[in-house]
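Each of the two complexes below includes chain A, the first together with chain B, the second together with chain C.
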Partner chain A sequence: MQEFYRLIKGELLKQKRSFLWPVVIFTPLVGTLLTFANFCLRYDYLRGLAAKQNLSSWQLLLTQHHFLWAFFLPLVATIVASHVHYLEYKSSGWKQILALPVSRIKVYVAKWVLVFLLNLFMIIENSICLFLVGKVLGFPEIFDLSLFLTYTGYQIVAVSGLIGSQCFLSANLSNASVAMTIGFVGVASSLFFAQSEQLAKFIPYAHMIFTLPDPTINNAIALNYGFSCGLIFLGLGMIFFQRKEIS
Partner chain B sequence: MKEIIVVELIKLKGSKIFWIVILAPAFMVLQGAVNLLRYYDLFTGQGQNAWEQLYTQSMIFYVMILFPVLISVVMTLVARMENAHHGWKQYLSLPVKKEVVYTIKFIIACGVIFINILALLISILISGFFLGLEGNLPWQNFIVRPMAMYVAALPVMAVLYVVSIRHKQMTIPLGIGIGLALPAMLVANSKFWLVYPWTYPIMAALGVDMDLFSKGPIVYFVSIILLIIVFLSGSKNFCQKDII
Partner chain C sequence: MGQFVIETKGLTKKFKRFTAVQNLNLQIPKGALYGFLGPNGAGKSTTIRMLLGLIKPTRGSIFLFKQDLAKHRMEILRKVGSLVEAPSYYEHLTAGENLEITRRILQLPKKEIDKALEIVKLAKWKNEKVKHFSLGMKQRLGIAQALMGNRELLILDEPTNGLDPAGVREIRELILSLPEIMNATVLISSHILNEIEQIADYVGIIHQGKLLFQGTLEALKAKGRKEIIIEAHPLHKVVEFLQGKGYAVSRKQNRLYLSANINPEILNRELVMHGFGVSHLSENLGSLEDIFLQLTGEVA
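Here is the complex of A and B:
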């Protein structure tokens, strides 16, 4: 355990001076600022829409924000996963790290955990920023804590499938651009995949779309299949990484 | 100059960039074609041209998300070849002019993105013939709109090229590319689209019939002006910068 903890600490140290932190910090800020601008410009229209659809202001905020965030988070998660692994390819770091007396599985899982923690940070920051947007706009209803906690929790589970697949690709493809492009194409097509629930179950890029707590959206896809895909890709990644030849 | 072009192309050859720019739009077209097939009656029920519908279905997510993100990837890749392993030092110690290298790299990157658009068009044609679509192929729109989209995207390419060359870390141009691309989805639906160049490709590719795009000619003019300003300032900065 001590060894694993040190590995994660080492991973965090590697990112200390990287641009990854500003990307992770600014992504939710940019996303919520856009939603804020959207509400400022069309507040009356959106209030009317909420009344027509029988939604509270907080529900409307999540619904409006989700359309953007469901693309934004997976795109940035793809960059994060690629960057964390690319660092090792760039400076022949795999050779050095795997020459140490640590198991390959622990090295792989440490990177997975780092990517997961960075995504967790973005998801939580996004929820906090949305809460602040609601407060600044002066929503008349009491803050819907359970709605926000549910939304945050669903995202954390759903993103694990995407992280699993992108870490798997990034660790096994030495060309970071290929892993990233696969991720970007997947995210760009996610809405298409989401049109078919049967197909969306098996596509980790589409799981984020199903995280909005809304009666018309099947959240079970995000929860059950997001978690399952996360586990399967983590397992596959460990197996492939253990067999990977480092040249 | 010819040698530099050849050298740059050889460098790109092993980077898999051509696979990326060809297969990525092909996949988006495949998705558009499947979507058209699935909702064929809905999309063509009122006598709409099936080819137009295939174009729109393939283009929506491509131009809104994938195209600007792919521009970031291509620019990052082109710059990364020198940014990694102190490549600039080796390159510029040769008897080559800094501004020539800078310009040729940009032209080649723009050429790669042009291949990406050609791949998109060819993929649409192949899938249309494969689906046996009825109706006349609207050649003029089919060719003009993607070319207009390319011209409209030139300032975006220039900005991301400047950022990619300036910063060694690939997360910077990628982060900026995505961070500026996604707001375009919202801004393109508002009256403010003209002040945000990231919306220009969207409007050129999808907005031809919309009232909003009545300012089309201005967009191309602004795009060219922005391209010149951004490229020249980037080139000047690059020539003055010390390579450490």
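Here is the complex of A and C:
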């Protein structure tokens, strides 16, 4: 455990002065600012819509924001996963680290954990920012903590599948742009995949779409398949990385 | 038999149909400064990567400190410092921060960073970002990483690659000082013969994946084709005399070149006794370059 903790600290040190921090910090801010602008410009219309659909202001906020966030988060998650691994290719770091007395599996998992933590940070920041948007706009209803916790939790589970697949690709493809392109194409076509629940189950890029707590959305896809994909890709990644030849 | 820090048995690595390393039996004695010499693409880096567990051998075994690398990788690598081809560094971090990553993994005290930077003469650049470093400084930083934690074995793969003559000299002096400072065995690979000649006391020559020679530098030099150069008259009679004795003689202007293992003193006496006027007779032991080319089959 000590060794793993040291590896995580090492991973964090490698990201010092990295462009990832502004990306991770500003993505939820920009996302919620856009939602805030949407509400400021169309508040009356949206209130009417909420009344028609029998939604509370907080539910409406999440629904409106989700269309944006379900693409923002996977895109940034793809960038984060690619960058964390690309750094090693760029600096010839793999041969340096793996020639040290460390377990390959721990090295791989440490990177996975770093990517996961950065995504966790974005998800939590996003939820906090959305809460602030609701407060600034002065929603009449009491804050729906349970709704927000559910939404946050679903995202955390769903994003693990995406992280698993992107880490697997990024660690095993020396060309970061290939892993990134696969991620971008996957995210861009996620709405298409989401049209079919059967297909969406097996496409980690589409899982985020199913994280909105809404009776019309099958959250089980995000929860069951997000978690399963996360586990499967993490396991596959560890096996492949253990066998990887460092050239 | 001495104690070998590195010993490989039948080490072979194949990449699909291409055999990069073939049946390699390395034996590197403790405390040696071992020069691993071979042209580009000979299999040096592949061998080094196998020694560090970065790639798996197709066949054969690797013993470091008398332990099987396949079974005791973690214990072994704790004692090994390495620089594989180009040095690894995160250029957005400072020299100190780069070493901090290695320090954390090896669980070393913080002073190890200063000590390593001191040895490679980068102490005053500790807080400077690596992206501002020259190639030589980056190379020295790579060596500093390899030195951290009093490693017993240092494996340096082409540490002077791409450096200017001053940089090469700097790194050479640094490497030469390592056995004394660190009390370590050093394996250094290079395709530059002159570099190995100036650094190593043991040499291994690899070509097309096969180990052609392994031993001390003296033993390698002794393998050289001796040549005796003669200036004597009448020259055509001397040629006839030597050929009559079964020697292969070649003539260039007024000199004769004899490729044979003869004592020059005896030959001189013989020529004088047969009435030839000998004005010059010398022995040329052949350069290391000749020996290398001879071994690698790049010269007839």
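The criterion applied here is as follows: the second predicted complex is superposed on the first by the 247 of 247 C-alpha atoms of A that agree within 3 Å, B and C clash if a C-alpha of one lies under 4 Å from a C-alpha of the other, contacts with A are read in each partner's own complex, and residues count from 1 in each chain.
Everything that follows uses one rule, which is that contacts are C-beta pairs under 8 Å (C-beta built on N, C-alpha and C of every residue); 3 or more make two chains touch, one makes a residue touch a chain.
These figures come from a predicted structure and were not determined experimentally.
By the document's definition of touching, neither partner reaches A:146: not chain B, not chain C. Contacts of A:18 after superposition on the shared chain: both chain B and chain C are touched.
In the superposed model, A:10 makes contact with chain C only, not with chain B. Contact with chain C, but none with chain B, is seen for A:97 once the two complexes are overlaid on the shared chain. For chain A, the partner that touches more of its residues is B, with chain B and chain C as the two candidates. When both complexes are overlaid on chain A, the residue A:216 reaches neither chain B nor chain C.
After overlaying the two complexes on the shared chain, residue contacts for A:198 are found with neither chain B nor chain C.
Contacts of A:177 after superposition on the shared chain: chain B is touched, whereas chain C is not.
Applying the stated touch rule to the two superposed structures, the overlap between the chain B and chain C interfaces on chain A comprises residues 18.
Interface of chain A with chain B (complex): residues 18-20, 22-23, 26-27, 30-31, 34, 37-38, 41, 68, 71-72, 75-76, 79, 83, 86, 90, 175-178, 180-181, 184-185, 187-189, 191-192, 195.
On the side of chain A, the complex with chain C involves touching residues 3, 6-7, 9-10, 13-14, 16-18, 87, 91-93, 95-103, 245-247. Every residue of chain C that touches chain A in the complex is listed here, in rising order: 49, 52-56, 73-78, 80, 82, 84-93, 97, 100-102, 104-107, 145. Those residues of chain B whose C-beta lies close enough to touch chain A in the complex are 15-17, 19-20, 24, 27-28, 31, 34-35, 38, 61-62, 64-66, 69-70, 73, 76-77, 84, 167, 169-172, 174-175, 178-179, 182-183, 185-186, 190.
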